[in-house]
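Shared between the two complexes below is chain A, which pairs with chain B and chain C, respectively.
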Partner chain A sequence: MKMPLFTKATAWLPALILAIVIPPMAGGYLVSMLILICIWTIMCFSLNIIYGYTGQLSLGQAAFFGIGAYAFGLLTVKVNMGFWPAFFASVFIAGLSGFLIGIPALKLRGPYFILVTLGFSVIVGVVLVAWVDLTGGANGLAGMPRPSPVPLPWGGRLTFDSLLPMYYFTLFFLVLIMVFSHRLINSLIGRRFIAISYNEDLTESLGIDTMSTKILSFTISAIMAGIAGVLYASYNVVISPEMAYFARGMDVVAYLVVGGAGTMAGPILGTLVLMAVPELLQVIPSLKTMINGIILMLFLIFLPSGISGGFKALKGRIIRSRTSPYAGS
Partner chain B sequence: MVTAVEFCQYILNGISQGCIYILLASGLTLVFGILNVPNFAQGHLYMIGAYFGFYMVMSFGMNYWMALILATMALAFLGLLLYKFIFYPMRDVPEVNLFVAAMALLMIIEGAALFFFGTETKWFVVPYSRHVVTFGPFALPLQRIIVILGTLVVMIALQIFIKKTMIGATLEATAQQREGAMLCGIKVTSVSALAFMIGTGLAGIAGVLIGPAVLLEPTMGMGPLLVAFSAVVFGGMGSIAGAVLGAFILGLVESLASGYISATYSLTFVFGIMILTLLFRPKGLLGREVWRP
Partner chain C sequence: MPVLEVIGLTKRFGGLAAVEDLAFNIQTGELLSIIGPNGAGKTTLFNLLTGFYSPTSGKIIFNGIDITGYKPHRIIRSGMSRTFQLTSVFQRSTVLDNVIIGQMSHARVGLIGSIFGIPAAGREKKKVIERAKEILSFVGLEDKRDKIAAGLTEEARKRLSIASALATEPKLLLLDEPAAGINLEETSGIIDLIDRIRKTGVTICLIEHKMKMVMSISDRIIVLSYGKNIAEGTPEEVANNQEVIKAYLGVRDAAQS
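And now, the complex of A and B:
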């Protein structure tokens, strides 16, 4: 079989180069926008693990985002921990809470699991607002540090005080999480995730412990959401309970479904499109929600597999007309 | 005996609060039982109903009861459109997609409401809505009493409709066994449309009934929706009696929790109860296997 010139791997490289080369030429506003896009893409990848691959829709991702961000904020501001210890501790806390919530919640299926994750998200939101002594209530927390400077091998230090290094910092984590997701999904564990999304009972009958596999998947997704939360807290310097509001969790679902759940390109495409379209149209925030809702609805009705699913179908149609049906895979 | 009076007052508040949840939860559970759609937008449809009544009464000077009927019909018609253009085309997709679709509907309605109705809170004033009825040491706004009576009437009417009429029987049959109902010659599509219309119509009734008792704002539907959803889960998805019982209990829990413990955390208690119920009785209090396998 002839090697196609343009494979998936070669498509990622120009995308990465673009992501590295474009921002220095762009203005500060665009860079700050791109940082947010990176953070929300990480959230999308987090949901992608539990929903896209394992098939369990979680509306609680915003809660883990909030837990990560607040843990980071509290550890750095109130305990005066350094950046990296606080980073790992908060990510650990987010993962642990995912593990603990996952044990009871994943016993449930379908709408029940969705509702428990939503309920968890609402409870976290309420606690963040109401526990004023700890979280600062509706005012939130301020004064999170930016990442500590990294010494460069050729002397000098890389500091993260300005926007551009911060962008590369989040981009680094995004790429890290993408590589990790890719490796995970192509491993045996990832295959189990996918098997569960197809048919949980059948998977169990094959001797796979679906419960612990689902808990693993949920914990990994909580860890990723926690990383996104820490990055957000560090970038934004101020955190408030709104970011853990369950509506954020719904936004992430919208991004992922529009981009294409269960694909590697989906989270990126969906976040880019749904964050960029309202920005380009220069609409007021309330209409932003409406436009996102309309786009999501149109995709659900006409293209439930999302943008990347649409591409795949298109590619499949072209390739099928030329070669064997399996050439595209 | 201040404490006993206090306790009874909380119970009374809880009942009137529970009625709000009953109206929303019965619509939710009906639609879930028949279409398998966890209609996440129910709370926002209730908000639309409230605004509809507000504009009818406040801007056009319509009679309150007239507005109630009109809002119910308008919302039922909206439900028909939603079913026709969103949920009917999606009838064969996985359940999760229906949930996401309901979520998308919520986003659209919320955005539209913020745009058209504005973010400032509105005050739905009906001539007697601020009148407070006192009997003995207890007090309850008249509108709250109207809500309780209205809920009673609506729920009894719904129960008679489902249990005593032929069309109601087709609704129940479809909820119990979709394929079986089809085999009996029931037009499941029409029944589903009807169920959706009843569900949204109930949201309309709820909006106009409750609107004068609360402040109107575009996000007003979210809190009641979450509690109503918990009530549906608590009572057992698809079961109307379960939803009513669940809504009633959660209304009492919310009222007592905010009275004795903390008002800010009352939602936490409601959700905590839902989560605990699911863990120990995954089908809910009255949920039966027959409704959904």
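And now, the complex of A and C:
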């Protein structure tokens, strides 16, 4: 039961190398797409903690994304805070709001919890539009700073004004969140999350405080969504209320389900596929949601365990047909 | 000294009293069985004792502490554990993982320690796994350790659910129909297991419909009917009690007698 930092490094290392090596060779447009893919993959990992592993479907992740982004925007633009203090403060605020919403919401189960998270998301969206004095209303906020320059060991400074350094910055956070997720899920705490997703009453009857465990899971997921929000605000320089709309939360659900909830590869695969397909088809933006919806429905009907779940099943079948003379019967 | 005292316990669902003004106690080390026709309130009683339902009125005193209104995990941590009537195990987990989850209520796990893999967290995890293996050997599932629970026979799943409950290290174990849906030979295996659990010093409260089993292993029996305690005593006393015979077989028609 040893738990190395990277299990299956053989599969992950080439992917990481590709993610590092390819972008410098690609054009600016692709790099900006990749930055967004990294950010939405972090959102997927956020949902993966509370839904994929703990089994509580939250449609409100976009709200924490929005809270993180707006907190960062307000702290940097209106309070003139530096990048890093504002970063940590915003992530803390996102986590705190997850904690506070989680306390009443997680008392509810199944569809009732889902509805509360949906309602919360709608409320946050409405507040962002309506509280014009604070949030700038529908116009949003502008002028968030990029990360502060990092001094390089060989002299000079690494600045994040151009796309490529910003891409590596978001990629760094994505990798950080993946390592964190992996370690969390394989710890005794992660086992508790998974136990709750399988059978909440049984978990409680084995002496585990399911309520606190769920709140912990939800808070961690809100922190991750907050990080994604801050990264987005810093990258995009402009934020508007649309990004906190519940429809964005639905997108994340679609990415995760298509990729495979409760797996490590699922968030990456789902986000890649669902963000790349409309791009490759060159459809108008308003059709994207529809295409997402169609793909999501097809997956729910034919492959509910998602792409990575499908791979696992396929692998299992191949291994079985090799070893068992009764395979296929 | 009683390990559990129940005083005036009542649970109403709307107008229906599932458990009504129930009073009894369980002595340390004994095996008390609770029997009664379907719908008598036996499982409701277990749900009340373990905090899954909160009583409409009454008190539950466990180990001298009033635990009425405690949440289930708190009651279980204080030393009362249970199994469920519809054999409840984590279907998609391995047998070993099932027991590990039961062990976890005693493991001290910190978030930071788990993430950064400090040695203490690793040691804790190792200890939990070792203890889980011991418990599996005790219930006779050591050879099925790495099997997925969904693939087990009903009897093995019953043993597994008992193993998970034992993993919480109970002083009092509530077993809800541990022999339902298994054959005679398997039933005697479960009886043997219950005997061995008693010998480790665990007090047992049993709900069971298999009368032969109840009569042979119980020290004392309580009979429930419509949520009320209608008889209490040794197996012989209960078997010859007129009230009990009436509750199970119905009142003989006056015209016929």
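We take it that the second predicted complex is superposed on the first by the 314 of 329 C-alpha atoms of A that agree within 3 Å, B and C clash if a C-alpha of one lies under 4 Å from a C-alpha of the other, contacts with A are read in each partner's own complex, and residues count from 1 in each chain.
Throughout what follows, contacts are C-beta pairs under 8 Å (C-beta built on N, C-alpha and C of every residue); 3 or more make two chains touch, one makes a residue touch a chain.
Bear in mind the structure is a predicted one, so any value in this text is a computation, not a measurement.
Q: Quick one: name whichever of chain B and chain C touches more residues of chain A.
A: Counting residues of chain A touched by each partner, the higher count goes to B.
Q: Name the contact category of A:Arg192: first (chain B only), second (chain C only), both, or neither.
A: Touch partner of A:Arg192: chain C, not chain B.
Q: Which partner does A:Asp209 contact after superposing on A: first (chain B), second (chain C), both, neither?
A: The second partner, chain C, only.
Q: Identify the partner contact of A:Gly293: answer first if only chain B is touched, second if only chain C is, both if each is, neither if none is.
A: First partner only.
Q: Which partner chains sit in contact with A:Leu57 here, chain B, chain C, both or neither? Use first/second/both/neither.
A: In the superposition, A:Leu57 touches chain B alone.
Q: So which bits of chain A does chain B touch that chain C touches too?
A: Common interface on chain A, chain B vs chain C: nothing in common.
Q: Contact residues on chain A for chain C in the complex?
A: 1, 3, 180, 183-184, 187-192, 194-195, 198-199, 201-211, 216
Q: Under the touch definition given earlier, write down the residues of chain B that touch chain A in their complex.
A: By the definition above, chain B touches chain A via 32, 38, 86, 89-90, 93, 95-97, 99-101, 103-112, 114-115, 119, 226, 229-230, 233, 237, 262, 264-265, 267-268, 271-272, 274-275, 278-279, 282.
Q: Flag every residue of chain A that touches chain B in the complex, lowest number first.
A: So the residues of chain A touching chain B come out as 51, 55, 57, 104-105, 107-108, 110-112, 114-116, 118-120, 122-123, 126-127, 129-130, 250, 253-254, 257, 284, 286-294, 296-297, 300-301, 304.
Q: Using the touch definition from the top, list the residues of chain C that touch chain A in their complex.
A: Touching chain A from chain C are residues 50, 52, 71-74, 76-77, 81-82, 84, 88-93, 97, 100-102, 104-107, 109, 111, 114-117, 121-122, 124-126, 128-129, 164-165, 167-168.
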